[in-house]
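What follows is a set of structures for review.
Note that chain A is present in both complexes that follow, paired respectively with chain B and with chain C.
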Partner chain A sequence: TRLKEGLRSQVSAALKEGRVTPTELCQRCLALIKSTKFLNAYITVAEETALKQAEESEERYKKGQPLGVLDGIPVAVKDNFNTAGIETTCASNMLRGYVSPYNATVVQKLLDQGAVLLGKTNLDEFAMGSGSTDGVFGPVRNPWSYSRQYKEKSVPKPHSEDKESNWVITGGSSGGSAAAVSSFTCFAALGSDTGGSTRNPAAHCGVVGLKPTYGLISRHGLIPLVNSMDVPGILTRCVDDAAVVLGSLAGHDPKDSTTIQDDFKPFELPNLTDVSKLSVGIPKEYHAPGLSSEILALWSKAADLFKNAGAKVVEVSLPHTRYSIVCYHVLCTAEVASNMARFDGLEYGHRSGMNESTESMYAATRREGFNEVVRGRILSGNYFLLKQNYEKYFVKAQKVRRLIANDFVKVFRSGVDILLTPTTLSDAAPYLEFIQEDNRTRSAQDDILTQAANMAGLPAINVPTALSERGLPVGLQFIGRSFQEKQLLTVAKWFEKQVQFPMIQLEEVKRQDNGVFQHQKSASFS
Partner chain B sequence: VACNARGGAVPAGKSGLAPWIPVVGLEIHAQISSNSKLFSGSQVQFAAPPNSLVSFFDASLPGTLPVLNRRCVEAAVMTGLALNCSINKKSLFDRKHYFYADLPAGYQITQQRVPIAVNGSLSYSLCIDNKMSQMVTKTVRIKQIQLEQDSGKSLHDDARSQTLVDLNRAGVGLMEVVMEPDMCCGEEAAAAVRELQLILQTLGSSQAVMAEGQLRVDANVSVHHPGEPYGVRTEVKNINSIRFLAKAIDYEIHRQIEELENGGTILNETRAFDSKLGCTVPMRDKEGKQDYRFMPEPNLPPLILYDAKSLPANMNHQQVINIDWIHERLPDLPSVKREKLVEQYGILPEHSFTLLNEDGLAGFFESVVKQTQMKPKKVIGWILNDLLSYLKQHSLTVKESPVSCFVLADLLNLLEKKEISSTAAKQVLAELWKGEGKTPLEIVKEQKLELLQDQKELEQICQAVIDGQENEVIIMVPG
Partner chain C sequence: QKVSVEVLAHLEHLALVDFRDSEGVERLQKAIQFADQLHEVNTDGVEPMDSVLEDRCLYLREDDVTEGNCTKELLENAREKVEEYFVAPPG
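So, the complex of A and B:
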């Protein structure tokens, strides 16, 4: 039905033809958000403003003057993007109740296109984490935990355990956005990606997660984690939709001096049929320690898929991959220490009641406002930035970063068009298992396959590929050349068509679509 | 305190002891004269209502990003060129971290690694002894000029145990000019700063008014014996005028000498100048040695400047800064203006200094010269001795002078045409100061100061005088 449709071909057409109205669409999504509240995907639901936006969109459609493909389309935005008039918390006590006076550029662009902003999604505090489990509003639950596919495969536990405790994580840090898209409460969501935070939850939640090239989309209004690596991420149910959203967001922003000046032309994805001219690289280092045999097999199968279709598939090497975790750790914590310095309780956000002196107020505010993960990274980062350590750590890490980036340059120069890798080491872990290890350990493990693309600023995308033995989504990642999103998405779309990833079967969604439900076999609609 | 040569020694405090060489360096912050701030679009204005000129970026709202102000870069390039610096075609921005109420982001954006301009020089002149008769030219090396953000202002209200923060100034563009320790006393430092001030005002890159905080000077002072390594230096802050700059430095030099001669040591500390007491006092140093944890500013790409040679053909000239283009359009610097005045009007070099030192005086002088036949060499005397001293006595600026250049020119013309004597002219001038609107001619007529030109009339008067003094005449004639 409507909720499960791709934007371009189905829903947009339906809106245009009046078969469904923006208000109906909005109301259905809001209702679904309510009935899937247990997922904890949303921190704030902006019901009133969303309905108002939907009404305005409806007026435009009545007049036959929709603003574009996104007009009337319900979307969700990760809660580390500034939204004027709607709380922006970064899932932290530090910004609880903070209402920003301005919209992030990407939010403004969506609104200018007529999109309907349903609300702000949950994340790890300040986007630090790979599980969406470490925010002050609690963890996000992977919708697939409640899918028929997962329940069928679950071994019933012998002792009477609350079946609720079996739920699996979304991955992170953009888990709320991934869950929102995966559970059909919106058609597209914004996430952010610094070390894999859009692709990782996309893989675990069975949705498309696009990390654009650094500098293509404005970061103005995205509360930064690592300024030199952050990008806004796009989460959708199919590759075509990602291309549509990309088209509405990309381009130079004078407010962000790190966006490139070149004109960006939105594109439609061609239906690739002939891959014989394509050269796909398989980086051997991405066969990382801890990679599940299941995913390894899937990766191999995917490579064969390309080969059998006539593409050239070659093994390549990115020799500095194994240093990326350590390098990332130094650079990330250093920037975090710097970026978090502004949270002192003076101008906005949480301010401690401690007022013996300015310094004691700062210290108390920051201890009360930040969770352990954030505080830990600030301390590490400050250590690396000390005068006596700067050369040894920060500068060294920058040099290693350059080496990592150069690995990609060499490979792309050697005739390879695109790289194919796993996105995650395994399918989504159960929450109780995930929290056995601390955030830092998890992040270090989980980011290994996604980090390097952030170091090199390259575009990368997760495409949902198949279900694991446990009935949970597994995705594969494509990494492309700088600013070659069109090529990247074209290949991703071809692959998506080949694998026909199954649609999630959720009770709640079924109920919402009662009467109009059409059984769909796959999520791709080209 | 006057030193005679670079590194000239100050007379030893106690007899028999080795002389001391004072060493003075300066760190000067000049507020850039621009409509908006260095990285944001909020306005730059002195004395606006508190927190009325604060953009989201200035308040460090999360998610805001810096955008470089072109005008500020141009101001820094102009200043660098005027100070004979090499302009770095590529310079970088860094974050300097510390926590303070007037620094909302918890860091200042500055240029620590590669500033916009380096290795320049500033020439300034001093008079030897207090008469303006002998001037000597000195040079101080400019280490670098860097662009950086100004901080906000915080006011401590001890009565209510609170601190009030005004962010109007936060983010305003500054040029930090670092002068090498080539100076040796307060007078040199004052002269150097005065010259810098004139240069900045001529360029228009900063209004450089110390009283409005547009020019802030910190002095680094140390003393050592000849042949020995430099001594421990102190930093002197809170200096609000050029006059106090000289006082503060000289006080600090003496304090250090006395301390050392009494067997004490100098601490590497920051001291504030107390203008009421005329001395320096240690500032409460809460943080101890600060590690600013410098880090590159990741949101600003390297600043690339071009010259005629490196400018790419298709570049939109609105998007880039061409150093050569700026160089060609630099106005005459004070030193050039002075030379021209000396050459054009035949006045003394020290006169040209005074003319430029007083805002508007050179223009006044030139206007008068244009409107009178009197030789400039003579006009200058009236300008410097009569006009200027009157203005100084009444604390007036040239603009506020009750005697305009037209009126003065009229007066000098009367003198030149020998219609009045110079004594009479001074009398007329004294009347003109009252600013009652009378013309010089009117005053001359009123006070009957006209010179008699008629020969016969003069002879008659003289004869009458002689006739009335027969005895004196008889005594005089034989001799």
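So, the complex of A and C:
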């Protein structure tokens, strides 16, 4: 049975109607994971348990009792979420071999809906980075590096240079999840977003990346980076799918006291046709230094799109935008210093052979377990938290945070419904170029457009918009009001429909000849 | 100003992570320099923000025991243990 029909594949409908079975779907995804191994998107593939879950799902479909839209749908989870019985490494030597004794709440929720967990995806070590290049299992490769679109635009190298050397990065830190969704090995993936870690790789890999409002989705089981900013992120191939996944994950969790207690009602997105009542804000500070002329043009084109459709498009100002990165630098390193203190080798994770004293064992364990990026942030964080520096740096940053958050409040209060900005400064860089600068520099450069939304706790989404001159994806970002995900996603869906972002043309996928993925505008499950 | 040797030693002791080499110290210096940009912002009369959810009441559970008795699971990931204890080197 092939699922070639029409413009939009509806995998869920196909499962319900028996045109494809959960085990078939699972097997095809597992096979595709194997044939795209060079992407290095997965750290652990949970083949046995996935097939078992698929079989159980199949039983339910046979009885006509699927648990919901997600039943039988293959998904992947970033390797900083705890998954019971499956290794959770955070791409660090510190947690190599650590098998979680429990499921993160979001993982449990997916499993309770019948989703099939294919495996854990690759990331920057402990989610620190913007390239998915700094984990101990190596960098993740952007699937678009191998697309016909990119190859067509690549200048052929005359010398016998390694053909492989011009592959581009996925962005990060949720690069593995973005690559997994982009290369069709799963229908949805979980990432995390602290400074842009879901939206950035979504933009570079041409997929939808949603950062929900802080407090909407439980962080229980997500190994924390910055407790006051972390959120689980959702990566899918279309906006409707993101809404479906959001619907299954959002809501109060007694195990995470930072989740709000308001009732959350899952929603279906309306097909917006009339945007005349919409007010779109264009924050001028997001025309940041280094923004490529290509993306600037695209952003402008998008603004015009809304204008021509009747929406009110206004320039707005978020004056403290440029301090967001500095503020993040201080608050992030401070919270990291605290959060990484739990890794001492005693209860779990790597333990050094050093036995002279508890303190020397701790120090050696941490030196051996953490990479330079992590150690650097711990040291910086501790510096900013020293008694003599506390007011000057940490408290100062907290004050600047309020100013940043207030900027957004003022703009939304002035009648603007949603903000439209670029997501990244440029399309994905070649790996060899990216690693020329160190992690902190790159993060500071790449997070500039995404970070402020984390400061303010606001929902934001990357929508793939167009291909760059190099044949690589470029996305644009929408930022919405707190807890107004329905409005945010509705507008994003309208925009997605207008831009008709092209589907990636991957040799490996065609070769698999699983009609599941061919000839579809977006292989979605909703 | 450069970070003093005493502060560096103090940091290593607090963080239980070492600088390894001069590169590590360089990195810290750059991080401090970067952070110093914060002082360009006027924050007179501005309250520090701990959480974006500051206007809400944090959820508090009832003081009832709802889970536990998972000693076995908790000990499973530890390298060195004796009976129900995690073992640390003396001193």
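Convention: the second predicted complex is superposed on the first by the 505 of 526 C-alpha atoms of A that agree within 3 Å, B and C clash if a C-alpha of one lies under 4 Å from a C-alpha of the other, contacts with A are read in each partner's own complex, and residues count from 1 in each chain.
Everything below uses one rule, namely that a residue touches a chain if its C-beta (ideal position, glycine included) is under 8 Å from a C-beta of that chain, and two chains touch if they have at least 3 such contacts.
On a predicted model such as this, the values are computed, not experimentally measured, just so you know.
Of the two partner chains placed by superposition, A:416 touches none, neither chain B nor chain C. Contacts of A:252 after superposition on the shared chain: chain C is touched, whereas chain B is not. Ranking chain B and chain C by residues of chain A touched puts C first. In the superposition on chain A, A:358 makes contact with both chain B and chain C.
Once chain A of one complex is fitted onto chain A of the other, the partner contacts of A:115 are absent, as it touches neither chain B nor chain C. In the superposed model, A:228 lies in contact with both chain B and chain C. Once the two complexes are laid over each other on the shared chain, residue contacts for A:46 go to neither chain B nor chain C. Applying the stated contact rule after C-alpha superposition, one finds that A:334 touches chain B and leaves chain C untouched. Contact with chain B, but none with chain C, is seen for A:220 once the two complexes are overlaid on the shared chain.
In the superposition on chain A, A:76 makes contact with neither chain B nor chain C. Touching of chain A by both chain B and chain C, each in its own complex, is seen for residues 101-102, 228, 254, 257-258, 337, 341, 344, 346-348, 358-359, 362, 382, 386.
Touching chain A in their complex are the following residues of chain B: 56, 59-68, 95, 97, 99, 101, 104-107, 163, 165, 291, 293-295, 298-301.
The touching residues of chain A, when paired with chain B in their complex, are 81-82, 88, 90, 95, 100-102, 104, 219-224, 226-228, 254-258, 334-335, 337-338, 340-344, 346-348, 358-359, 362, 382, 385-387, 390, 394. Interface of chain C with chain A (complex): residues 3, 7, 10-12, 14-20, 24, 27-28, 30-32, 34-35, 37-41, 43, 46-53, 56, 58-61, 70, 73-74, 76-80, 86-91. Per the touch definition, chain A reaches chain C in the complex via residues 98-99, 101-102, 214-215, 228, 252, 254, 257-261, 320, 323, 326-327, 329-330, 333, 337, 341, 344-349, 351, 354-363, 366-367, 370, 372, 375-376, 378-384, 386, 392-393, 395-403, 405, 438, 440, 444, 456-457, 482.
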